[in-house]
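Here chain A shows up in two complexes: once beside chain B, once beside chain C.
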Partner chain A sequence: MNPEIALLHNYLIVGAVLFGLGAVGFLSRRNMIVMFLCAEMMLQGVSLSLVAFSRFHNDFGGQMLVVFIIAVAACEAAIALALVLMLVRRVGKLDVAVWQSLREDNQPEFEEEKVPEEPSEKPEAWPSLARAGLTAEVSPEKTDYRRKP
Partner chain B sequence: MDTIKILLILIPALPLAATLLTAALGERVLRGRSHWPTVLAIGLSCLASLALVYQVHSGIDQARRETELAETHGEETASVGYEKVYSLWTWAAVEGAYQRPNETAWYDFHVDVTLRADPLTAIMLAMVTFVSLVVAIYSIGYMHDDPGYWRFFSYIPLFVFSMTMLVSVSNFVLLYVFWEAVGLCSYLLIGFWFQKPEAAAAGKKAFLVNRIGDFGFALGLFLLWTNYGTLNFHDVKVVEETVTVAGEEVTQTSVVPESAAVAEDAWVVGQQPGVLGQTILKSQRQLDRGEELAEGAPRYATGALATAICLLLMLGACGKSAQFPLHVWLPDAMEGPTPVSALIHAATMVTAGVYMVTRCLPLFVASEYAPQVVAAIGGFTALLAALIALTQTDLKRILAYSTISQLGYMFLGLGTVTLLSAAGAAAGMFHLFTHAFFKALLFLGAGSVMHAMGGVIDVRRFGGLRRLMPVTHWTFLFGCLALAGIFPFAGFWSKDLILVAVGEQAHQQAFGEQTRLLYSLLYIAGLFTAFLTAFYTFRAYLLTFHGEEQIPPEAGHHAHESPKSMTVPLVILAICSLGVGAFFELTGSFERFLEDAPSVAYLTAGAEEPVVEAAGTETGEHGVSHLGVAILSTVIALSGVALALLLYLGKRQWLQRLTQAMDAAMLYRLSHGKFFFDEIYMVFVVWPLRVIAWLSYLVDRVLIDGLVNLCGILPKWIGAALRPLQNGMLQFYALAMVLGLLVLIGTLLR
Partner chain C sequence: MIDSQWIFTLAVLSGAVGMWLLLPRGGRGGWPLGVPLMAIALGLGASQLLRLEGMESPQRWVAEGVFFMLAGVTVVSAVATVTLRNPIYCAIWFGLSLLGTAGLFLFAGAQFLAVATVVVYAGAILVTFLFVLMLAHPRGRAVYDRSSWEALVSAATGVVMIGILSMTVADVLTLHGEQGGALVTAAEAAGPRSDGVLADAHVAHFGAELFGRHLIAVEVAGTLLLVALVGAAVIVAQTKPEQQ
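On to the complex of A and B.
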């Protein structure tokens, strides 16, 4: 394989991985700031691909574009974070599921399912050894579990 | 303008004006004085009608003189009968409306509003307006204090307008329009007390039964139109022109042909001569004489086509004139106020069928079987209704059945008309004329009784009223004598003429064996009906005015003779029912006058001339003599009266036995149940129709409505299915976008 193409491949793979991670994060996380960061990550994945192609084709258009993207992303970050701040001020939560104004009328509201509680068990009491030379004092409570009821 | 034209316009216009005036002002302004416009308008109409009769009469005389003069000069100018036709305005004109099969030319459909004056119209107008006037005056007393007083007096002139137009228009379409208009008035007046469920139901029944007849009538008109290319009666009309004579402008009137084609005997398609017009009658008469006709000259259809037209027209007449099998509406129509029963359902509207058949007689004669069917229906109905009338207990219903029976007589008379004799037509019309007077009298008498008895009309619940109500009693007796056909009352003369005409046909050599048998049977039926008529008339009279004095509690303490406004019309009509028959019959003026109506003139002219060679026309020796029939029918009528006197006068012990004997033979129940026509129609007509209506309702509700509703519901369902996608969750939308993108990429890369 042409080493140029192999190099391009590596860059593209990293770009795609960045984009994929961003997409998955955007779709799965509900924290608005994290979602915003994930969106930025997707943007950077694309930017990386652009730079790589630009280098491969020896055309600086792509790199120009990336410079613009970085500038726009900076502005975007300022606006987006300000928006997030205002939304958080309204309800005091960062959760994006609180905002459902795009819903059709008469549709049931999104209700968060409660996460089932972790089954809490008594911490198992492990037998502890007495120091050497001393008679082991075994409290019946601690050894009871061995007995069959 | 021409005097006749002014009169012809005034006669219907005055009642129409009265209707509009009363309808507009009756409720607020006129109230108790609502009768004034009506009585005034109908009174003037009546005078105008009498003037019209005079004008037509003198017109006929003049025409006769001119004809004689022309004949001395050897000119052939004679027209068939006397008619004056005036076109007022064009009502409908469609050019090239219809193309006949096997012809290339297109026919125009052209309806002018045309009024005609001829003896038939003049007689009908005089009769209608006179009876209407008398009834309107009577209604002042009868309808007194009714909450619908003004409404009543706006319907009555509306009816008079429609009826006068019905008899004076000169076109089948207009005839149909006013045929329906009188039906509407009848409906409105039967259901005048619409709060009563029976009255509302009776109005509906009358309207629906009439629809059946009118449907036949309409089909008849379609057939006429497709065959003759016109629906006009006339093909000549009177026009006015201004000419300058010796320096002065003078208005002259002259009779001109309706269209150029008629004038020049050039038969251009699209301009057809009237169905009952001069041209077709003249050429048809030539044909009857056995002469050759010019190529394309108009003539009447013959064979099955003619019979079909006539039978369909007869169906219309059956509906309007309550003949079997459409007679069931008339007895129920008695739910209306009694003056209405007298005016519309006895004297005038129900005779419209008779008028129409008389007008169309040339068409009927052209058919081989139509006159016999008319006669058979008439004779059968007369007998049937008389049998039912025997046992009815409602005074007005007895009279209603007798009306049906007498109308049957009229059709029986008309049915005897052939090319050889028009005596039956004159007889039928004469009976119509006399019947109007004495039947209106009887109904108004019954109304007077009903008025005094507090609305009770069941003859079993009152009796012996002759001392209480002397005027009503005597006038009612006059009406009964006239209806029973006792010499010298009106019914005697006209009924005799019909029986003579039927008797002659029974011996008519020109007919085949079967036809003679038919007329013989009808003759016997007519005589038997005369007997029954005398019996049930006097039964009603004796039950009401004789026997023990009995007054129902509804009458209260004020059972009394009716006021002047009601008794004076009774007296007038009583004098008429005594006088008109003898006067017109003995002077012979009615028949001579009627003979000049074009439809009748065509037939009488045929009767005078030797017509068909093969047919033996001598009927004198074999036929029945006038005097013989007169004596026979008088004896029969008297025996009917005698039987009624025997049964109902005194202690009535024979009555019980006879009733029981009849009851045992089911005859009494059959008659009392009106031969169960209502029930039969209920099972065979009403129920099947209800089932069909119910099925149609289901189809409409389930299928049609279902399809329409489905169109509305389907988008709703689709929307409901898609709506949950819009759940407002940002990440769901993002996921949808990603998936969409994946699908897009997948498709592009494939």
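On to the complex of A and C.
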């Protein structure tokens, strides 16, 4: 196989893997920020495919599209994070399952999965050391002026 | 030789079960079995990317090695982004995935895009994500971080989609490969050139194309950025009077 076609083939498969993994994350995670990160990862997979085609066809069009993908992803991130901040201010959590009322009507009831409690962090017992070394000799008039009258 | 369809199918099966095991499933430890299964899936997939007949010189070996390192970093970081519980770790692994993607852009000759990805995506968008995460203080111990919606169905859907796309690409390009004829032939891509995407003055040609042919789109994108900035500020500012 021609090395250029082999390179295109490899890049398209890596782009497909990034896109698919982003899809898995977007469909399954419940944290709003992680869902958005996975959407951004899907955009990166598409950018990779566009750059591969741009090199293969010797045309700058694919790279131009990637520039605009980056610009639009920045806008989308700004507005999405503003909205997420607003939502978090209302309920205090980043969970997307809190907003169940936005679903369609004929869906089954959502049941919170019973998750075993994780052991909370116990405060570590820090080792205590005896005081060692010399204390400095300070003359009394040097410390007297610090006392407020 | 085992048919490549069977290798892709095996990779999809192993990857689907591995992703299901690795996704947060409420405290059940899926790491001991999930990581080897994902490694098997990625290894089977990588075996389809390696072309042994094109390897004449050490330069080709080094080039293929660099590509596999970059692609490996990108894909492993992507798996970590999707499956870790603590959302801050997810963001950091996503940053590593962005660096891998920038390296792949550089490997393909898109120098400006490589630097733009690192500066804009990893340097601005990811940092904004981290700011919002810091405002919400997640530590990955909440219920919604340790469980996921329908882990098996979503893992199967995503990995089967990867398999379908990969098999289609492999089929189409193997067919074309036998007929030859890339638009950038290997001989042209190797040496120094003066025009086209792989030119020596790549950024100059990139800028000429961007501000020549796509000037109106650039202006519209600038306006879009301004509107998004104002919109984000207005959205966040509107909640403040309610709290007072």
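Assorted remarks:
We take it that the second predicted complex is superposed on the first by the 109 of 149 C-alpha atoms of A that agree within 3 Å, B and C clash if a C-alpha of one lies under 4 Å from a C-alpha of the other, contacts with A are read in each partner's own complex, and residues count from 1 in each chain.
What we mean here is this: a residue touches a chain if its C-beta (ideal position, glycine included) is under 8 Å from a C-beta of that chain, and two chains touch if they have at least 3 such contacts.
These numbers were taken from a predicted model, which means no experiment stands behind them.
Once the complexes are laid over each other on chain A, chain B and chain C both fit without any clash.
Of the two partner chains placed around the shared chain by superposition, chain B is the only one that A:Gln107 touches, whereas chain C remains out of contact. Contact with neither chain B nor chain C is seen for A:Leu87 once the two complexes are overlaid on the shared chain. Of the two partner chains placed by superposition, only chain C is touched by A:Asn10; chain B is not. With both complexes superposed, C is the one of chain B and chain C in contact with more chain A residues. In the superposed model, A:Asp59 lies in contact with chain C only, and not with chain B.
By the touch criterion stated above, A:Arg30 is placed in contact with chain B and with chain C alike. Of the two partner chains, chain B and chain C are each touched by A:Ala97. Minimum Cα separation between chain B and chain C in the superposed model: 7 Å. Once the two complexes are overlaid on chain A, the chain A residues touched by chain B in the first and by chain C in the second are 23, 27, 30, 96-97. Residues 23, 26-27, 30, 96-97, 99-104, 106-107, 110 of chain A touch chain B in their complex.
Taken together, the chain A residues at the contact with chain C in this complex read 1-14, 16-25, 27-31, 33-34, 36-38, 40-41, 44, 47-48, 51-52, 54-60, 63-64, 66-68, 70-79, 81-86, 88-89, 93-97, 112-116, 118. Put simply, chain C touches chain A in their complex at residues 19, 23-24, 26-27, 45, 48-49, 51, 53-54, 60, 67, 71, 74-75, 78-79, 81-83, 87, 90-91, 94, 97-98, 101, 104-105, 108-110, 112-113, 116-117, 120-121, 124-125, 128-129, 132-133, 135-136, 138, 141-151, 154-155, 157-159, 161-162, 165-166, 169-170, 173-174, 176-178, 180-186, 189, 196-198, 205-206, 209-210, 213-214, 217, 221, 224-225, 227-229, 231-233, 235-236, 239. Listed in rising order, the residues of chain B touching chain A in the complex are 723-724, 726-731, 733-735, 738.
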